[in-house]
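Consider the two complexes below, in which chain A is the common component and chain B and chain C are the respective partners.
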Partner chain A sequence: MHNQILADNKNILWQGKSFKKRLIRISIWLLLIMIGVISAMTLEIRWSRMGTLATALDTISRFWPPDISIWAEMGMPVLETIMMALLGTVTSVIISIPVIIMAARNIKIPFKTFFYIVGRFIIIISRSVHELVWALIFVTALGLGAFPGVLALSVRSIGFISKMMAESIENIDENQVEAIEATGANPIQIWIYAIMPQIIPTLIAVLIYRWDVNFRASTILGVVGAGGVGYLLDIAMKTYTYGRATAVIIVIIILVGIGELSSAKLRDKYVKESERG
Partner chain B sequence: MKGGSLKLKNKSEKKPVWHYKDPKERTKSLLIWAIGFGILIWGSSILNFHFARLFKAWFPLSNFFGRLLPPDLSYIPKNVIWPLIETIQMSVLGTILGIFLAIPVAWLAAYNISPLKPFSYILGRGITVVTRSIHVFIWSMILVALLGFGPLPGILALGIYSVGFLGKMWAEEIENIDHGQVEAIEATGANRFQIIFYGVLPQIFPSFVGLSIYRWDINLRASSVLGMVGAGGLGYELNRTINLLAYKKTASVLFVIIIIVIITEFLSAYIRGKIS
Partner chain C sequence: MALLKLENLSKTYKTGDKALKDINLEVNKGDFISVIGSSGAGKSTMIRCINRLIEPNKNSHIYLENEDLVSLDQKKMRKARRKIGMIFQEFNLVERLTVMENLLSGRLGYTSTFNSIFRRFKKDEINNAYELLDRVGLRDMVNKKATELSGGQRQRVGIARALMQDPKILLADEPTSSLDPEIGENIIKLIREITKERNNTVLINIHDVDLALEYSDRIIGLKNGKKIFEGKSQEVTLDVRNMIYRGAEDAQSNTS
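So, the complex of A and B:
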């Protein structure tokens, strides 16, 4: 064929696209562009309600300067935010244990197929509902405060933690289990000496990652009434005291930055160390 | 060698492969555990979070979920379909906006092709850090305050928030390209843009598309709840039905959200699998 470059007589180094492939490629692009154009055209935006550029600029100007007097009353909400992320992650691990047992294929329990489906179902539901929706549900059922926030974070984290841990248990090295079994160990000893050492590195990595994610989430959970700095932000926005809102946002940025740095540091220290063995 | 360590030795390094913790290490790890537990207990007292309350929560929770079920599916065709379409539109347009905004940012933030270093590099990295550290909900709260209710602030919020992620990932992808191909194009006498077009772009194109689709997946999840702060889509309907105490309708909205999220997750995983 004319549109090929051959490395030697047999192996094709480079080949131009065939007509059919090109057609498929062009039609995929057309489809994508069409989805974009149709979305843009059918979107209902009421420009009349939006006000003019001048009003928008006026609103922007009211976000500055930040009213830092609010920082005096932020000590407790900041602490609450940090603790919500921490407790949410820890509680989630505890709740995840039965889900992991159900969802890992190689853990033998009675009625395995039934429990396997239940476990996978819990994982899917937990993962596909946003933490703010969980928070809204728990706030509606249990009232305002940090308690529903912790529950929302932990329920949302179950899916991720259980999925990763179940996969890690499915992929363990069976030889080590057999070796411990050969010494005459009972099932509990097998868990402690053969299975746990293999899955703990994954557990640490998952915990650090999930804590990072939960920390970000816990800064905004207050928007639906679940405690932390988000609550102050919500009040500031609703009372049109935008200077205070800016001050809260600054604190949130600093908090998220610290969280990201410390999780990166923890990951460097523990994850790599445990990977080395 | 002391009595504690087993005689498992790597031949190349003269370090034991495994050894018992010596007393110093043991006190250190005990101390870390103690501090960790201390923080947890302190935290739970601050948040008034204890197990008695967790058990007591069972009754109101089961009561609430009892009132959620069964979902009022007749609510879907009338009141959920349009918000659903709006949610999808918001996620698509937000992602497209994010892609267009992120391309120049990635160009600036990739050290090997960034023009006018180091100024432009710092600018590019700065943009990715700032847009990423303000949560998409905060962006949409600010934009709703500026532009009023509706899907437009949601789209802008999704676009701005996506810039950080896409710009950062693409920049890292560009920094890791095979430099030989760039040199080969350079040797033909190509100018700066030709080098980027023929030497850099073909190498990052698959990950460019993959990351965009991944971002669309994330944006759809976000746009299904952005309405809770007034930015259009399913979230608004969710908030409204809860405020009206019409929990069976809430359940039907939740049902639609779960279905659409599962479908997009499957779709994005499938397409990304096909590309790579």
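So, the complex of A and C:
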């Protein structure tokens, strides 16, 4: 039977997990372990090819010391990385505008049902394909360089930005809209005075977050030929100049650290400020 | 000649709910009229039909200075809305804008889209906003955001915003219901005084009958979407009150 404890004279009945619930719990754990074992088996990990601890350590040791002479050539790629993240974020906001209009239920446009589905579809596609895959597609289509990187970041960001902004618009306080409408304001004025003030805090938060994500992504996009510091890393690895690779990785870590810090600072400054009202 | 004249004002919602049934009413310049009735009687619908925030039935007529508002297209309706100020139960200030910006938004109907994008308003509009803020006692709050104000202060801003339109008629939808009774009474008093100073016309929905009787020239009683009473405050006897606020059966036995 169930574990039943009568708390002293207060008639409060405490029930522990019933046998049935325990059984379910144990079964779930067993199932998870089984899935783990099965996946390991299907992956056919060949331990024989993995080398010994000694060979692994030997390879790792070749990454040391970092060949910091490469830093002299890194000015442009670093700039390119930063610009890619910035441009990718800004471009994606611009491309997101029509998607947001399609995907927010309370924005009335002709053929809304059709466009709503299109909008949601774009959001799903954008979010479900990784930026490296987007970068591969654009590098193949447009050639090497930073431009396909910018496109990859912006296409990847559209989904998140559109989803968040569409939801923000769906959640606005209609009372404020009604009041501005009652003054005789036209639709554009209603947008500027009643809707924008309500969604701008979300927009700022989304922008900072997405810029942060894009900044981290942009450091690696070069691996598939989309420019920036990642490209140097790719070349260093392919030419077995591991010391150079380490030097690039150090720069990437520093860049990501700076990005992290500055986005936290921006968030503190703008998001919290607008939350205070 | 009546400033505002409602003729057969009806509203049937898509759900089939008949919120208003053939309301006829004349409002003269300088009137202060309260509409009373229990919740669901159609008070808010009536107020919102006048500036067509809610679209009335096609066969209704709303004459404001002899212009039938029901027949106007959107652009002309926007022009007409400038003449109708509105005060709301939940104040409906734009929360993230400052007090001054909220007041100036009352002038949007008179401002070009271009100028409103850059928040450019005329000098006398800004001066007028300062004067109104002085009048409602919020001069010090001019650069505060709406979120920083108390309920009573917000409603004062709401009143000032509506008056910024320089309206022919002021509509108020339960302006006291979200406030403490004492503050609510101050707000009604303020609306009464400030509109008398300006010889403004007021049509106000109000839940609190005692407040309505104390401050209004005329009382309209709504019940189930019908106007069942119109008269001076003194004429609202206990019988009349019962008729307006009690169940349908009671009302019939009273009126028969």
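The rule we apply is simple: the second predicted complex is superposed on the first by the 258 of 277 C-alpha atoms of A that agree within 3 Å, B and C clash if a C-alpha of one lies under 4 Å from a C-alpha of the other, contacts with A are read in each partner's own complex, and residues count from 1 in each chain.
Here is the rule we go by: a contact is a pair of C-beta atoms (placed from the backbone, for glycine too) under 8 Å apart; a residue touches a chain by one contact, two chains touch by 3 or more.
In this text the structure is predicted, and so the values were computed from the model without any measurement.
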Partner chain(s) touched by A:Leu87 [first = chain B, second = chain C, both, neither]: first
Which of chain B and chain C A:Ile60 touches, first, second, both or neither: first
Touched partner set for A:Lys20, first chain B, second chain C, both or neither: neither
First (chain B), second (chain C), both or neither touched by A:Gly36: first
First (chain B), second (chain C), both or neither touched by A:Val150: first
Touched partner set for A:Asn186, first chain B, second chain C, both or neither: second
Residues of chain A that lie at the interface with chain B and also at the interface with chain C: none
Of all residues in chain C, those that touch chain A in their complex: 51, 53, 78-82, 84, 86, 88, 90, 92-97, 101, 105-111, 113, 116-117, 145-148, 158, 161, 165
In the complex, chain A residues that touch chain C: 173, 175-176, 178-186, 188-189, 192-194, 197-198, 200-201, 274, 276-277
Chain A partner contacts - residues on chain B that touch it in the complex: 39-40, 43-44, 46-49, 53, 57, 60-61, 63-65, 85-86, 88-90, 92-93, 96, 130, 133-135, 137-138, 141-142, 145-152, 221-222, 224-225, 228-229, 238-239, 242, 254, 257-258, 261-262, 265
Contacting residues of chain A [partner chain B, same complex]: 35-36, 39-40, 42-46, 49-51, 56, 59-60, 63, 79-80, 82-84, 86-87, 90, 124-125, 128-130, 132-133, 136-138, 140-142, 145-147, 150-151, 216, 219-220, 223-224, 227, 233-234, 237, 242, 245, 249, 252-253, 256-257, 260
